[in-house]
Structures are given as C-alpha cells and as structure tokens.
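In the two complexes below, subunit A is the common chain; its partner is subunit B in one and subunit C in the other.
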Partner chain A sequence: MAIAKKAVVWGLFAGGGTLTAFIYPALIALFLLIATGNVPAGLQYEQIHTFAASWVGKAVLFIVLFLSLWHAAHRLRVVAHDFGIRKDKLIANAVYLVATLGTLMTAFYLISIS
Partner chain B sequence: MEIRQIELEVMRYDPEKDKQPWFQQYTVPCQEDWAILDALNYVKDNLDTTLAYRWSCHMMVCGSCGMMVNGEPSLTCKTFVRDLPGKVRVEPLENFPIERDLVVVLDDVMQKLHKVQPYIIRKDDPPPEGVEYTQSRGALAKFKQLTMCINCMCCYSACPQYGLDNNFIGPAALALAHRYNLDSRDQGKSQRLDILADHDGVWDCSFVGACSEVCPKHVDPAAAIQQMKIDGALEFWKQKLGFPGGES
Partner chain C sequence: MSRQPYVRPISKTTWYMRNGRYKIYMLREMTSFLVVFYTFLTIVALSTLAADSPAAWQNFISSQQGPGMVVFHALALLYFLFFQTFPWFKLAPKAMPVQIGEKKLPGSYIVIGHYVAWVFISAVIFWLAGAL
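Coming up: the complex of A and B.
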C-alpha cells in the first residue's frame, strides 16, 4: 500500500480553500465597490494593469487563480459524491480537465499582458 | 418518583424467521431518571424476554449500547427518557448489517480497527527491562481527547461516506490511528500513513462532521481526519521527492 494520488488533488484543494477563504470575500467586496463606481485609490485600471504586467504580479495572480480553480474542481467532485452520483472517475476527469484548461488559459493570458 | 408512560417502538428482526425488519410497540412505565437502556431492560425483564440488544456497563464506558434513538445514533445509557417525546423509536445502528433485533454485526469495523495498527511502533530495539518511554503532560494533551473513544460505533452510523461505501476506513479507526500518530513515543507514523492515506483512507471523508457531532464521548474524529489529510499530502511529496520519511 502507498499513499494515493488523491493526496495531490487534496493538497491543491486545501491550499486553494485556505487562499479563497481569505482572498475572495475581499475580492467580492472590492468588485461591488468598483461596480458601484467607488474605485479605491491605488486600484485604478492603470495601476492594476501595471501590477498584472509585472512578473511578481503575474506570479501572484497565477497562484491565486490556479489554486482557486483546483479547489473548485475538487469541491465539485466531492459534492457530486455527496449527492450519491456514483461516477467518480468520470466526474474527476471532467472537473480536473476543466481546471487544467483553466490553468493553461490563465498562464497564457497572464503572459500575454504587457 | 414520578412515573411516565412512553411508547417504545423497537425494531425487531430475526433472520431465521423474518423476511424483513418490523416494529414492535411496548408501553413502558418509566421513572424520571431512566435512560432508554433502562426502558429496554424493563421490556426484557417484564414484557418480552426475546428482545435482543447489547449492553454492559450502563455508565458510558463500555460502548456496547449504541443504537438509533429517534433516528440519531446514540448511547442508550446516556439518552434520557425525560429529554424525549412520549413516543420513542429504537433501531439498530445504521450502516451495519443486523445480527438480530438491535444487535448489529461489527466485524467490518473490528477488522478496520486492527488494520490501522493502533499501537506504539518503535524503530529502535525494545528498551531494557524497567526502562519506560516517558512523556510530558503537553505531549499527552495533544492526543488525549482521541483516547476517550469507546468504540460504540455511533460515528460509523452517522457517517454518510461509510453509508455510501463501506470500504472507507471510517471515523473511529482513523481517529484511533491519529491518536498513535500524535503520540510522542510512537515512530510509526509514516508506516501507518501508507494505510491511512491509501485509496480507501482519509480522502473519502468529505468533512460532513456528523461523526464528531454524535460522539457521546466528545471525541473529534472529523478534525483528526483533516489533520491526517495534511500529513498524508506532505508524506506523499516526501516519498516522491525522496526525503527521509522517519518520524520521531
């Protein structure tokens, strides 16, 4: 017997869960603020763009989006299991495929910001 | 002392006679301080000697009298009649095959308790005669809560994952394993994790937390399992990247 590969996806799930629990409430609050026209100083489009164009900014955004995607994917898999859907392999492949695609797209779009 | 009549609705099943389980009603005159186990004992002593159920200590120590009381996995010696409505339904623990009436077959869990190696594993030679492995109070406090488990199996009955797929090692056995993983005298954590973090181990838990909610001894198997997931994930990378896996 050995440690199952589930350890890998669970690691990403746990990392993503910890991160999203802290970051997403703030992001939602900021989104609502900005959507209602109250853009906080320092979060103007130009400043965010400069941040996203820097390599540090790209790395931060990549980590946040990558972990969130894998967190959500694993969460959906577990929810399906809890609902009694007995197609774990199929669901796991589908959700992790979406997360993989999302990760690749995140990398692609982040790199293309200049 | 005031006597209160309750309607006890008890699941009966004799595999040699019955095609399926059925319910039998008993009217039981209960004293104020009676637990459901007292009511069952009254039935056995005065109304129906054929009723089969397990019990031993009547003081929350032996873990024999776990049953479903009004749908909740409970220790019947700790579940008081005064806290319940006039009609009480008693069934055998859910998620287990029924042996007879309220007695369930626990073989599966007994195997699992054995499988997780719930004993101190040392990599060094046994100590010379008379030498003990000492432990500080702080080190004991880390796992003491987990030693309170009495194997009543209420947690298995509450666990939806065990109900869906009984290959899952399950709460009590995993909590017991974690108790040894956390023990400062133990050196078997990485060896144990190969079993605990295998396919049917900790990963099947989706952290519903029902095990910890129903535990009559306030053990927290749900937390133990999540902690073991972290250990398992770290151990996986340790083994993959070739770090020494030795635990102290």
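Coming up: the complex of A and C.
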C-alpha cells in the first residue's frame, strides 16, 4: 500500500515538475505583459472566455493547474522538513488539503464557464 | 549503562547554510512558492471568467497592472528560469536516461531536446495568447 501511494505521489511530483518547468515561464511572461499594460489580444475577454469555454481549453487548464498544485504540495511538504519542521503528518494534511481545495475550485470554475 | 551516542551538532533550521550546494538546493526548492502563487493567481483569473461578465475580467486585468507588478513578475520569471526550468532540464538525462540498443543516448542530446521543446511550447502559448 505504501509503495503504491509513493508511486502516485512521485508521479504527480515528476509530472507537475516537468509541466511547470516547460509552461510556467510563458505563464509568468503573460502576467508580465498584462502588468506592463500590453494585454495580448488572446487575453481579451471574448477570446479567453471562448478558450476556457471550449473542451480543449478546459482540459488543458485543468491538467496544468491540477498537476502544478500537487507538484507544489509535495515539494512544500519537503521544504517544511528542510526548514526543521518535524510534524510531517500535520504538514502533509495541510498541503494536500490546499491542493484538494485548489483542484475542486479549478473544476468548479471550469464547469461554470460556458 | 549504554554509552551516549554521538549527535553531530547540526541545526535543523539552518543546516543548508554550511555548504554552497545545499544553499543552491534550498534556492531551487523556493520555486515551489512561485508555483503555488501563479497557480492560485490563474485560478483567481478563472473565477473572474466564471462570473461571466466582461467587466469582472477587465477589473481583474486592471488589478494586475502597475510598476510593482512589472518588477515582481520580471524577478519571478528570472528566478523561475534559473532555479526551476533550467535545472529541471539539466537533470532530465539523469532522471530519464534514453537507451537505444546497447548504447545510451548522450545526455547533451536530451538536454538540447528539452530546450527545443521548451522554445516550441512557449511559442505555441504566446501564439495562442495572441502575443506572437
């Protein structure tokens, strides 16, 4: 059981790590563009709404956000240990709870967009 | 009487300050906070889209603008590239070595492949966003 769980946690960590390494620089760059006031055409309401309302858009957004949340949760658990916090059960429950909430919020908002 | 075991006096909270490699490890791990931040920022963006009103989206966009945000995102982008993306590509040949027959594919091929894929994927994202 423990081994089976470990494979799932490791898979989410590795998948999310690869995904964030590839995609998050572009995501941050888009927020940077927005911050400078040069909002790209694809991020105007009509276009981004159409993308998020499409099944492809929903699937892409869900996979990216889901994997990123669980990747970060796993790493934050280890970071807590590295900073000398030795209450792993409590930390694990906290980070996985936040990841679960984030996943549910993502699913809820994506379903709401139509 | 059992002997006292020797316990090395290592701080649980500042152990990584002893060694340059450990410091870099901790700097890399800090990118997990950036992942959390940008994931939830994107979820907030989705929540304003779910409100189904152009005004709500425009409010969100306006709230994300300003010189402070420019500096923050620029620093975050550099930090993320140098402590998450590039190290991740560097370790790829160690994490998933590719073997063809008897020979192992040179690690540099795998690393270069990652960079090529990254440029392509980023270009697709910018193209989809209408920034390219």
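The rule we apply is simple: the second predicted complex is superposed on the first by the 108 of 114 C-alpha atoms of A that agree within 3 Å, B and C clash if a C-alpha of one lies under 4 Å from a C-alpha of the other, contacts with A are read in each partner's own complex, and residues count from 1 in each chain.
To be clear about the criterion, a residue touches a chain if its C-beta (ideal position, glycine included) is under 8 Å from a C-beta of that chain, and two chains touch if they have at least 3 such contacts.
None of these values were measured; they are calculated from a predicted model.
> Thinking of the overlay built on chain A, is A:69 touched by subunit B (first), by subunit C (second), by both, or by neither?
After superposing on A, A:69 lies in contact with subunit C but is clear of subunit B.
> Determine, under the contact definition given at the top, whether A:55 touches first (subunit B), second (subunit C), both, or neither.
neither
> Name the contact category of A:82: first (subunit B only), second (subunit C only), both, or neither.
In the superposition, A:82 contacts both subunit B and subunit C.
> Check the contacts made with subunit A and report whether subunit B or subunit C touches more of its residues.
C
> If you stack the two complexes on chain A, which partner ends up touching A:8: first (subunit B), second (subunit C), both, or neither?
A:8: touches subunit B, not subunit C.
> If you lay the two complexes on top of each other, which residues of subunit A touch subunit B in one and subunit C in the other?
Common interface on subunit A, subunit B vs subunit C: 14, 78, 82, 84.
> Would you pull the subunit A residues touching subunit B in the complex into a rising list?
Counting only subunit A, the residues touching subunit B are 1-8, 10-11, 14, 78, 81-82, 84.
> Taking the touch rule as given, give the residues of subunit A at its contact with subunit C in the complex, in rising order.
14, 16-18, 20-37, 39-43, 45-49, 51-52, 61, 65, 68-69, 71-72, 75-76, 78-79, 82-84, 86, 102, 105-106, 108-110, 112-113
> Can you list the subunit B residues touching subunit A in their complex?
Touching subunit A: residues 160, 164, 193-195, 197-199, 201, 203, 206, 208, 229-230, 232-233, 235-237, 239 of subunit B.
> Under the touch definition given earlier, write down the residues of subunit C that touch subunit A in their complex.
Residues of subunit C touching subunit A: 11-13, 16, 26, 29-30, 32-36, 38-43, 46-47, 49-50, 52, 54, 57-58, 61, 64-66, 69-70, 72-74, 76-77, 80-81, 84-85, 88-89, 95, 117-118, 121-122, 125-126, 128-131.
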